[in-house]
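As written, the chain order gives the labels A, B, C and D, with residue 1 at the start of each chain.
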Amino acid sequence: MALTALEKHERDAVAVLPAAAHEFFASGSGDEVALDEATAAWARHRLRPRVLRDVGEVDLTSTLLGCGLNHPIGVAPVGYLGLAHPDAEPAVAAAAREQGALYVASTRASTALEDIAAVAGPWWFQVYVMRHRELTERLVERAVAAGARALVLTGDTPFVGIKRRVGSQRIAIPDETFLVNLARHLTGDAAVGRAGAEQDPTATLEAIGWLARMSGLPVLVKGVLRGDDAVACLDAGAAGVVVSNHGGRQLDRSVATPFALAEVVRAVRERPRAAGEPRPAVLVDGGVRSGVDALVGLALGADAVLVGRPVVWGLATGGQAGVHEALAALRDDLAHAMALAGAPSLADLDASLVVPARD
Amino acid sequence: MALTALEKHERDAVAVLPAAAHEFFASGSGDEVALDEATAAWARHRLRPRVLRDVGEVDLTSTLLGCGLNHPIGVAPVGYLGLAHPDAEPAVAAAAREQGALYVASTRASTALEDIAAVAGPWWFQVYVMRHRELTERLVERAVAAGARALVLTGDTPFVGIKRRVGSQRIAIPDETFLVNLARHLTGDAAVGRAGAEQDPTATLEAIGWLARMSGLPVLVKGVLRGDDAVACLDAGAAGVVVSNHGGRQLDRSVATPFALAEVVRAVRERPRAAGEPRPAVLVDGGVRSGVDALVGLALGADAVLVGRPVVWGLATGGQAGVHEALAALRDDLAHAMALAGAPSLADLDASLVVPARD
Amino acid sequence: MALTALEKHERDAVAVLPAAAHEFFASGSGDEVALDEATAAWARHRLRPRVLRDVGEVDLTSTLLGCGLNHPIGVAPVGYLGLAHPDAEPAVAAAAREQGALYVASTRASTALEDIAAVAGPWWFQVYVMRHRELTERLVERAVAAGARALVLTGDTPFVGIKRRVGSQRIAIPDETFLVNLARHLTGDAAVGRAGAEQDPTATLEAIGWLARMSGLPVLVKGVLRGDDAVACLDAGAAGVVVSNHGGRQLDRSVATPFALAEVVRAVRERPRAAGEPRPAVLVDGGVRSGVDALVGLALGADAVLVGRPVVWGLATGGQAGVHEALAALRDDLAHAMALAGAPSLADLDASLVVPARD
Amino acid sequence: MALTALEKHERDAVAVLPAAAHEFFASGSGDEVALDEATAAWARHRLRPRVLRDVGEVDLTSTLLGCGLNHPIGVAPVGYLGLAHPDAEPAVAAAAREQGALYVASTRASTALEDIAAVAGPWWFQVYVMRHRELTERLVERAVAAGARALVLTGDTPFVGIKRRVGSQRIAIPDETFLVNLARHLTGDAAVGRAGAEQDPTATLEAIGWLARMSGLPVLVKGVLRGDDAVACLDAGAAGVVVSNHGGRQLDRSVATPFALAEVVRAVRERPRAAGEPRPAVLVDGGVRSGVDALVGLALGADAVLVGRPVVWGLATGGQAGVHEALAALRDDLAHAMALAGAPSLADLDASLVVPARD
């Protein structure tokens, strides 16, 4: 069977990348159950298309927390893209801009924020609460100044999940890379600085309000896998959540995101909103590899879906053009699937389009 | 294990046909999930036979929208049968007539309608709403004139599904074949004509009434996979539906038809009918490869089942005789299964005969 | 892993028997789905043993329709045992008698009934309603005269299921074997006689009362797979049913017997009984290969379980001693399993011991 | 993928141990269905972690029937550890003490109880009711005198399950080993003594009260797999239960313990308690091979989980240090998983963290 563009990138990345870099991007935590299940879980859904609907024009546009998007497949925050390609984050940001796709920059980017922002379209900034709270503040201030339109607070990483696969060939992230977005705030001793930039495992839901007040931006919490947790985040001031198990890199055997998504969407919809409180955004990521996967996520109630590794493989194999190709392939595939499903716009993607596979 | 006639045809067709032609018929869209699942889904049902019923005579006859049938396994519309065998559609139509089986001619037939009709028994005509509406009208008029007893409006193909398997060896359908049933209505420029003969993605449920009025024939909608969609089609004037995912060639990961069938039958039965409105017909196709598969479909409420590829492989390997053999094998197998199930007539095939397989 | 006695017999039978004879016994109908599933279905159950019950003595005895049994694992009716071993049915009957196990003789036995009866303990006679009703009567009279204690009317075989596996090496049953229990009633033309001795596909539930009246014996219907059918049989005068899909040799994709058993037991228990009407017997067969399988059947409500092929393989590899060994292994295994389950008698085997496997 | 410490031990034990000893520890009963499913069943659960909880400190401590534990992963009673390593039980007991982990000594220990007690931290004693009741009493008295803090009455072993895998290479346990904890009570004839020391299959629930009164210790019943059985044990005076199928070594096809655990916990919680009656303890064992497995057991309501074979393999490959390594790896893995799950203490592990895996 002819490979899709994404499959080709994934295959070629093995050849293009040094083994350690490849494993860094590809691996998951623990037994990699969550990693393996991420993609499989999308394929455990079946579709209930409609016939004879006017799909002459398929409209993929939407507005998400004030950002106009050409299509609802965005770029998930992925650290250290410099390990994939010298053009790194700017190549990805520029490709996303070309496509009108959302771009989320990682706190662990290997390029200074300002250099990413310079070539990006609408972009969000992913935040970790670091042990040095002041570092966190300074970094967020820079992101705000550089034009980030929202913050994505990653909540599933109090400690970094153990990747057994990488074992002894674990790649070393040099200090200059680890701290690229922090260096200008560090005073003197690099070793102290690096420890301080680690995730703070004592961070709680209160960090949401803190970040919102500090930045003036909407804050989404990434890593949510439960309805009650989504509600707790919103109650604590979040503007939305990203249903994610970190691409199978944090707690292994976490529920696959399509299964968690339905629960989160239900809880968010049932939660009463204060007068004037905008509809919270729900995004999802993990294992999305085709337009049909994306369609399932959107039908289950996500406002957008994010992709991580497909962007990495596109970048590794083709730089900005590779990312462009990957995003375009996903968008075209989604549009084609929506047409065949009888759904000419995102608003037509409702939960009735999806049923669990039987076997 | 000794191969069935159908299995032999399927195996031999690989040898008989040029690779590109074989792939044209065999392939499905996307990852071929729906294709693979089509046959597997029938085998996910188990039977609850009755004992000690008089099955000395097994009666397979029925009347379907006014057509008397010797048995309830008919021929699905399949395009370009000339790629399978020079005798093409007439061989199939003649074999179906010999068996008293329903024959549905495709809009994309590689033989002029009138030549098919000349050798067919009761036959129906499958319609696409084409971009040039007038072409559609002219073609339907010809079908009516040639004696079609019903129209089958295929609703799942606003665009042709992408068959990744065929990849670079995609077969080219020459204009003279594509347009064999349209040429006489085309004025001048063949290129324009071909584009105009493509499916119109803006067609809606209104096309049902339009075709019914234009033709005076009952119109069935093919490609229905949801109960609410079936009801919408009937409300728009359809005389029935064909539960189908186009043999796994349109939206990949569509529900398998046996699972959709139960839902559609329930919705159709629960829908109130206007005074004098006849009972709508429900047919099903996709992956039927044995009499037991057919029995499951009939027990789940279908009035008839259609087969596509088994007819293609029979045609490819044996011309009219091959199709005859395939249809006869299916009919005999169905009769045998009905006897062993304690069901001497189609009316004895009720839903209690079928349960989902456990495993 | 050390093979069980039954596994050894099954393996060795392949070497001992001519291929055609082996296939005759081993094969199933159609795609052999029901055959394969027969054993697998028992293994899809899990046990909920009790602790700290007095299992110093495990009592396997019971009384079934007046026959005292040492243990509840009996011999299913299997035709033409002469193809497995020259000692044929008498060896099996004698082994069953040694074990105090129920023996059911087949209408298609390759030994005259009277010779079987001479060495049997309590035995039942399996009946087909044959096209020549008078032949059926004569045969039943002989069985009654020879001491059969019940009749087992096989209801799932209006026609013999097609065994695709045997294909061209289908074994020919010579007339003298086919008619061994009928010859003395046949007048002249063997060909006519053989046709007359085929199963009558027009037989109905009325045959139950006819046989009961004619024989004065309790009649069980074999092949029942539905609760409503069990009730219909009892209403028509049956003293019990054998839940069976004929070892996967009749309607392929029939439900596996453990799944059908629960439904049948429920229906039989819920059916109101006339005053003085004895509790109907429910037996089950198909794929039982261990004491744990048997325990599941008994816990699900069967009064006894029957085994077919394990007896054949024991006979083929060791004659009477082989059958003895197979039956003893099953009995010992059952007793051991009951002890470990905390169930010292058959009355302690209730449905709470069994749950479906999850996976 | 880099092996975990436990996986390494398990792999290396094959090389280190004589085949017969390895099979003794590794094998299960019957078809080894319960054995294989033990580990797989934990992996059939998925986790629903919480985000943004303060997990700066993860507290694994608890108090179990009066014993303070550093972490909730203890050592299951395993017989004849001398076959694994000359340091045998004392090495295991000492490693458990170092870790603050519960240690349960087996009645079938290959070291005198007093020698185990000398190096152990808080430990419990596993009891079989033996045919000679007086032997049982004497042994329990010794355990009490040596400082056992509770008795674990194993109820699932009226007879020892048949391990087909070991077949002909079944290891012989010499009398001096079998009777190491009994010899001083035996009078003269060793053969009689050995038979008397076998499990008494007539033991009933009354043994619970008998042991409790005799010892003055809390008695837990091990081998419970049903809610009603747990209640029966508690009603008979038990202080708790160990949900176990003996590591797949007794009744094969018993339910896997994680599935039984939920039922037992529910029944125990719903059972009314007398005034002043302490909360019964529920432990679970069988197939636990990672901290995530343990997390699932604790979330489903267990107060502690026990491991058998991981301790054996650690002992075989590294003596006391190997056991230490195994227990430390499990504890660290549990602490890491709890942090990633947003659960900083055992009290935070509730049933909402766990859902069945789909597909």
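Quick notes
Methods note: a residue touches a chain if its C-beta (ideal position, glycine included) is under 8 Å from a C-beta of that chain, and two chains touch if they have at least 3 such contacts.
For clarity, every value in this text was computed on a predicted model and none was experimentally measured.
Touching chain A and chain D together: no chain. A rotation of 90 degrees, rounded to a multiple of 5, brings the CA atoms of chain B into register with those of chain C.
Among the remaining chains, the Cα-based centre furthest from that of chain A is the centre of C.
Copies chain C and chain D of the same chain sequence form an interface built mainly from non-equivalent positions, shared numbers / all numbers used being under half. One simple way to say how far apart two chains are is to compare their mean CA positions; for chain C and chain D this gives 43 Å. Separation between the centroids of chain A and chain C, computed from CA atoms only, is 61 Å. Across the assembly, chain A contributes 359 as residues in contact with two or more other chains. Contacting chain pairs in the structure are A-B, A-D, B-C, C-D.
The part of chain A that touches chain D in the complex is made up of residues 30-33, 40, 44, 153, 155-156, 158-159, 161-162, 164-168, 200-205, 207-208, 221, 223-226, 228-229, 233, 250-256, 259-260, 356-357, 359. For chain D in complex with chain A, the touching residues are 1-2, 4, 43, 45-56, 290, 292, 336-337, 339-342, 352, 355, 358-359.
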